[in-house]
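Both complexes below contain chain A, partnered by chain B and then by chain C.
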Partner chain A sequence: MKVTIREWNAVAAWRWDMPDDDVCGICRNPYDSTCSKCKFPGDECPLLLGECNHSFHMKHCILSWLKQESSLEKCPMCRQPFKSKGQDATSAGAEQPLQAPDSSPI
Partner chain B sequence: MDHRTVVFSAVFPVLSLSHTTPTPVATPDLGVTVQGAAFGSPYIPRQAELHDSSTHRQVKRTIAWSCATRFLSLDKVVPAVPRILHRTREVEDALVYLLAGEGKTSEDARGDRREGEEGLCDWYTNECRLHFANNVRPELDELWADEVKIGCAWDALSETQRVLEQVQNVYLEPFNEHILPFLGSGATTRSARPSRRDEDEAERAAWKFRRDVHVLFAHCVAPRRFSKTLSYVLYDAGCRLFRIYTRHDGVQPSAIPENTTEVRQQMTTLLQGLERIGLGGESAQKAFAHAMHKLLDSFISSHYMKVDWYDEKSVVPHLKEWIKDGFCPLVELILECLRCEQSSVLPTEVTAWQEMALGRLGRVRVDNLFDFVIRWDRSKGAILDIKEYLKVAGAKQHVTSSFSQQVSRRLLHPGATTTYILNVYIFIIRSFHELEPKGVLLERVARPIRRYLKEREDTGRIIISSLLTDLSDEAGSKFSSNSELSYEIASEMVKPLTNLGQDADEELNWNDMNWQPMPTDASPEYKKSKVEDVIWFLLTLWERDDFINELKNILGDHLLRCTDPEYEKEIRLLELIKMRLGDSNLQAAEVMLRDVLDSKRINATIRAATDSQVPQAFSTPEQRPRGPRTPNARHPRTPQPRRGAQLSSHAPSTPAALAGPTLNAQILSSFFWPLLRDDEFRVPAEIQRLQDTYGTNFSRIKGMRKLRWMNALGSGSITLSFADRTEEFDNLTPWQVSVVYAFQAQPGEEHIAAKVGKNGEGIARNVAQLEEMLDMDETLVRQAVAFWVGKSVLRETGLDTYAIIETLPKSDGKAKADEDKAVAAAELAAVEAAQATAVRSQQDLFNEKRDVYETFITSMLTAQGNVPVSRILMMMRMMMAGGFPFGEEEIAGLLGEMEGEGKVIKVGGDVWGMRR
Partner chain C sequence: MSSADSGTLKRKHSVSTQQKLSFTAQQKPNSTATAALSPTSKRARRESSPQEAATSSIMSTADMYSFPSKRSSVPNGKEIVDITSSPDNSPAKPRNGMMRKTAPSMGVNAGPKRLMVKNFRPVRKVDPKDFLDQTWQKIEAALNTIFRQGEIDFSLEELYRGVENLCRQNMARDVKERLVKKCKEYVGGALKAKVKESLGRTNVDVLRATLQAWSTWHDQVQYLDWIFCYLDRSYLLPRHESLRDISIGLFRTIVFEHAKLNPRIVDGACDLVAADRTGGELDSDMFKKTVGMFHDMNVYTQHFEPRLLELSQEYVMNWADAESDQKSLPEYVRSARALMDREMQRADLYRLPNTTKRDLLTLLEDHLISRKEERLTNQDEFADLLEANAVEDLELLYSLLERRRLGNKLRPGFTKWIEDEGTAIVFDEKEQENMVIQLLTLKRQLDSFWKVSFHRDDELGHGLRESFELFMNKTKKTSASWGTDNSKTGEMIAKYVDMLLRGGAKAIPAQLSRRASTKVDIAEAEEDIEDAIYDEDTEVNSQLDQVLDLFRFVHGKAVFEAFYKKDLARRLLMGRSASADAERSMLSRLKTECGAGFTANLEQMFRDIELSREEMASYKMICEERGQKQSLDLNVNILSASSWPTYPTVPVIIPSEIKSAIDKFEAHYKSKHSGRKLELKHALAHCQIKAKFPKGNKELVVSSFQAIVLLLFNNRPADEHIDYNYLKEATGLPPAELNRTLQSLACAKLRPLTKHPKGRDINPSDTFTLNSSFSDPKYRIKINTVQLKETAAENKETHERVAADRNYETQAAIVRILKARKRISHAELVAETIKATRNRGTLEVSGIKRNIDRLIEKEFLEREDDGLYAYIA
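Let's look at the complex of A and B:
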């Protein structure tokens, strides 16, 4: 007997490839969830990983933190100057506009 | 005569004792000895001379009395016509003497009669009484002694009437002819014209005599029996006049329609006769009222007042018309016959009767309201009747209580399925909206139903899955009677969205020109629903959060199974719920919907990426063209409405896609989905490779994200090529595919595969082997194996050992045996498949953590001694990491199982302890 698979509909769950501390240090929501302002996780609410290995929801968490004068552009967790881990941040930032048409289905 | 009788008769005159019989005619007229004359002298004056002489009054009166009474006394046999008596001069003189002359018993100033003297009128009355008692009464008693049969009611009455009328004529004739004229005539002697007083006296005497006779009659027929009979006769006449065939008395009407004029004539004659003999008084009126009451009831239950199932109109106008133009004239006619004081019906009375009739009709309808409700649409006529009835005072109260009772008796019991209750609830909503658009009644009536529905576990599931069901396709099969889906809910979903969103701040909307105050009888939590919005009622059954939780679970399951690539219904449902319940807290549902929609795009992107890479990077052995695969195995595939179908349709343009299976993935944001089942097992190697590639590509596109495949979810389509046949299967579960895949020859097994067994069997494997090869749970393996046995792909060759049926058996016996087994296994597989939903149930969760709970309880009981279940629950809710989302029932169940294992013991009541 020979089995030929013609079609396969699989289901997968995505998650952020992050170390195990599960929640964003600012909004206290899990990374896989959204920050408190976004509606959809994933593309619309990406993460930003700092050089200090602390990561946060990008748009409404770490960016608005960094915009504040008092933050002095430091990581809210370890108080080191916050710099995004180069390639991750840029790729996330760069892909955002590319993905935009894809991620607005309705 | 004993002493007692004498004493009694001294106080209450007893007729037979005090009444004097006329002096016999034969008695010799001895004359009277005049004062001063010698006794027995021959010069006794003759009677004629008496008047002139100054004979003692007493004597004269006695003589006159004797003469008059002899003349007036009645014959024993009642003659058919009153006999005509010719009075002689002698009699006339006597009458004049007794009634108007000196012999009259006058009441003197003291008011009492002369001792021992009796008036002639009284005597005659007594005479009549005695005569009646002796001669007429026995005949009538015979008629009325027993219960009057329905059939002879008319006869009994008319016979009675005939007899009594005849008797009355006999009695009245002498009185009118011989007594009355003299009563008034006394005056002529005194003055030229009869004074008013004398006329009055005559009239009074006539009236009194008549009354006495009537009293006599009234007492001779048993009053209750008479009234009952008369009432029946009137009722019967009414029924016949109006041609009512459903009667209270159960008499079957004759097939020939009655001649109404005749009936009317008969009734009128009888009533007038009764009135003449004095039986038309108050008791007759009572009987008449009673008859009309029953007639009204009969009319309401008659065919005239049947629910209008055809035109779906109210019958109330007919009823009112009948009261006005049918019932009232009849009443007037009877009133006239009975000579009541008021013989015409006032307009206010007509209205009152109409209302009364409406009230009765309404009550009859309300008694069956439940039946009308479940036949709603066709029963519109009945509902409209009740709507009219609601205008009657107290009707709303009655509708509410009666209907609530019917609902609790007929609907809210364990025997009714939730689907049925929901359907009925929808019917109630629709029909009550017609009944009372303001919705106050509905709110009252529905409260117990809503409470009951909330208690049922499957309500939410049924509602949501029904909302998601497509009404148009295969409607017949899906909504069979035992189905869990409600056709009514699904059909509500198809209706266009009505205007919503105005409900906010309705009370403060100053521009709303249609504003109306709240109904006066509304309860505090009454909310006006502007539209007949069934879905709104259903969605507001629960607290919002509970509902949304339920929605999340069902929607998750549904989306994973859904076959509509556009997810139109789901989007619509979500919009609907947002509109009704507001859009906060619906994030999870929106994310889920977004996920499945996004997945399509991601599939396309990744496919494009993979296709471009395949020629260089992925030319693995599996990607090489396969041997036995025929092109027609692929192309005649019916266009599947599954997601990604359009992707695969243009996929064959590249050679790589032609070679391998099409992989469509659904990428979920697992945080927002309900807990999904994630049994781990190995999928076929080629799928594994495809998934890995997909995952890599996904991570490349969506930086920093990786995929975790949930192998228990999804579906596959395969083609099986046997030695003698090729079969195609669609929509298989992954574990079914994996299991059958494992029956292929592994490297090094080709020689086994090559030689086909004596029964046409190929490679055989047992359950344990499969478990090991696939890393799969035994239950899943068995389920899949059962499925394949059911499809005649596998055959059980030994205990737990299965082999491929490479060639189907030719002999009938063998084929039959296979078939039987296949049928049995197919049933088993179907049952198991039904239980395998994508979303994990509470029970699954509980079983998963059972060991933890068991340990916790054991240590708690060891440390604290005996503890009741409620306390265990409290402790577990507080102490368990991740919370304890279950209740006492689950704990009690677990404790029961532990007791069976001999670990704990029930101390008493709900208290448990360790076994020592």
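Let's look at the complex of A and C:
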């Protein structure tokens, strides 16, 4: 008796590699699901992780918060100036990293 | 002969240009010409001769005779005196008719020129009275012969002339009176006597005698007609009488309306009809003649019709009572229909007038339908008919009722039957697997009732849909739905769709496949002739359409959604869809049915599979470029967790070879999509393995767990027993999963392993060996069906999740209502909540109450002193 595996069809589910398995501080939706405006999770609705280790849905949550004058470009959770934590952890898509520095203070 | 002759004579003399001569007195178009010339003269003359006024017809004839003379005389010169226009000039003003006729010569004499009248014959003096008697004698003799029905031995021409002459002599009235008297004598005497003879016998015989007399009389009147034609035309017609009317009237008043004869005659006719009704022979010739006679005598509507209707009513009433008591509903309907047909046919055949037909029909409908409405809509019997699928009988019943617009009275019975049948199907726990098939069959049956039997009656159509909806959404807390009140129909429909999409056309149950049922559905055959050519796709599509018809009735789509999603996930991950097209078309159907929100997740699932395929292709390309040889063909489906059903992660020890391949891919994925991590769901994985069995090589399609177990038997002698505990350790599987896996390998139809001791259930003390005698005609064998099957636990979990979701939804609805209303009473809140969540299925009040309590606990709302709920901001 000899059994050899020819083909393996694995199934995997992806999720955001976030330190804490929590909800977005702005829209209160889980990180794994979308913000209230997006339809599909994933590249369409990526996350942005700040240096303060607070992360949010990027497009419609943290970016639109930072655009407001009153925000003073601070993290809504800890009131420290919000800076994204390095290119690798910020987002998944190719365009988003370009957008993020635009709005985040340097 | 005198006056009439003198008239004609005068015509010859005075009128040289005879243009228009007519005997009919009414025809006075020429008088317009005269009117202008002498409007007063005529009137004056009429006044001057009062005796003549009575016989105006003759006078006006005389009038006419004089027109042309005027017209011709006027252009001749004014010397010629207009005789008619100048009565004032004439000295003899008050003259009688005879005198007047000599007037022209006098008038002419008065003129300046002398006119000679040629061939003037003086009037013969014959006494008109004598002349009348003389002529009448001849006529009377003839009449006697006629009435005796003797040989006609006289000249009709001569008699006619005689009558004509009499009429011209102003004796028409006398002639008429004499004639009428003569006829009266005859009809009242000989003719009546003949009819009366039959009085002692049956009504029909009386009728027959009457008919006999009638036809005799009719023949005789024919002679009278010939003889008295002139009288008829010139004397009676202007008076709106006619010989015919008089003769018929005589017969009617004397014979027909005779106190004793009349009822007998009419009843005789009715007896004929009655005989026909009771199955006897109808003397059709006789009846036809009778109807004709009644019409001729103008007594049809007055005497015959009411009596006929009266007797018909009695008959129909008794008939309806007897029939409805004795016969079953369909038989009654059929015979009622036949009776109506028969009656109408008879009415048509004998040309009964439309009023009779209409009244008869009303009467029939009254007694057969309206009065028997209760009987016709008897729910039990109606249900029996429905049960027996008696489409034609139902059609008869419906069209019978519909004559009186009572078709909708069937609704209660119809809806009740549907509800009973449907509820029985929905709550039949033994036949749960077949629920959808049964529902589809029922639906199809109902549709054909509606289309064929009930002529697409709107009211009944609504009833059908309403009651279908009602039972489809009936819920009961049963063990089948694990104590939740989820609708079982939603679940079963989802499973049926899954079966269709997995199996394609082959999976369509025989009793529903179109091929098998072509003869069943008349209505469908009518409609769908154009797609008589079947192929598998259209077959599957039509099945999906039918299922969707059912689905539309279901209120709580959440259950369907949950199960459909689960099944779809399985189909996608195991690659078990029969056709991608069918999947897509189902998806678009659901989208149109329930909106985009409903299908968003499902679409994402399709997208994930698509993306994963691309991902794998690019990964493989990269590997090839790097020159890395793949030891095994790895495919990974990467899911976005939120769109898919939640799957528990089952701990398992993956063979190192596979683990390294997966790890390599995971590293690649992470480098490509930063910020993500992968969670492998081994329970969903499946694989192909090549296995060398003593009886030959096989390729097996197995689940990952099965493969892992089988790998443990690698390079072991065929008779080595491996015990349960070792397998448990080596695979790291939890007992439930391991048991399932081993069972599928050692106790299913195909057994690559052998269990010792034999039995269905796996025990920790069991040992396993390879099945050395494993063989199968096919080379490639699928034995991962266990993976496809839904376990009881999964089913329970899905149900509970749906129920839990519903609770959240209810709570959300309650909070939303309170946010808007701030303060609300309990009853109002419950009503509003039911309204708000209706499209998700109706909620039980107790469930709403529980959710309100929960919200109070969570301090979303509070109870106020006055019993109202208030929202806590």
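Keep this in mind: the second predicted complex is superposed on the first by the 87 of 106 C-alpha atoms of A that agree within 3 Å, B and C clash if a C-alpha of one lies under 4 Å from a C-alpha of the other, contacts with A are read in each partner's own complex, and residues count from 1 in each chain.
Criterion: contacts are C-beta pairs under 8 Å (C-beta built on N, C-alpha and C of every residue); 3 or more make two chains touch, one makes a residue touch a chain.
Bear in mind that the values here come from a model prediction, so they are computed numbers and not experimental data.
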item: Touched partner set for A:Glu69, first chain B, second chain C, both or neither; value: neither
item: Partner chain(s) touched by A:Trp8 [first = chain B, second = chain C, both, neither]; value: both
item: Touched partner set for A:Asp32, first chain B, second chain C, both or neither; value: both
item: Residues of chain A at both interfaces, chain B in one complex, chain C in the other; value: 1-17, 30, 32-34, 39-43, 46-47, 49, 88, 91-92
item: Residues of chain A that touch chain B when the two form their complex; value: 1-18, 30, 32-34, 39-43, 46-47, 49, 88, 91-92, 95, 99, 102-103, 105-106
item: Chain A-touching residues of chain B, taken from the complex the two chains share; value: 560, 571, 587, 590-591, 593-594, 597-598, 601-602, 605, 626-629, 633-634, 637, 640, 642-644, 648, 661-673, 676, 684, 686-687, 690-691, 694-695, 698-699, 701-711, 713-723, 728, 734, 737, 740-741, 743-744, 753, 762-763, 804, 806
item: Chain C-touching residues of chain A, taken from the complex the two chains share; value: 1-17, 30, 32-34, 39-43, 46-47, 49, 88-92
item: Residue numbers on chain C that touch chain A, as the complex places them; value: 573, 575, 600, 604, 607, 632-644, 647, 655, 657-658, 661-662, 666, 669-670, 673-682, 684-694, 699, 704, 707, 710-711, 713-716, 718, 770
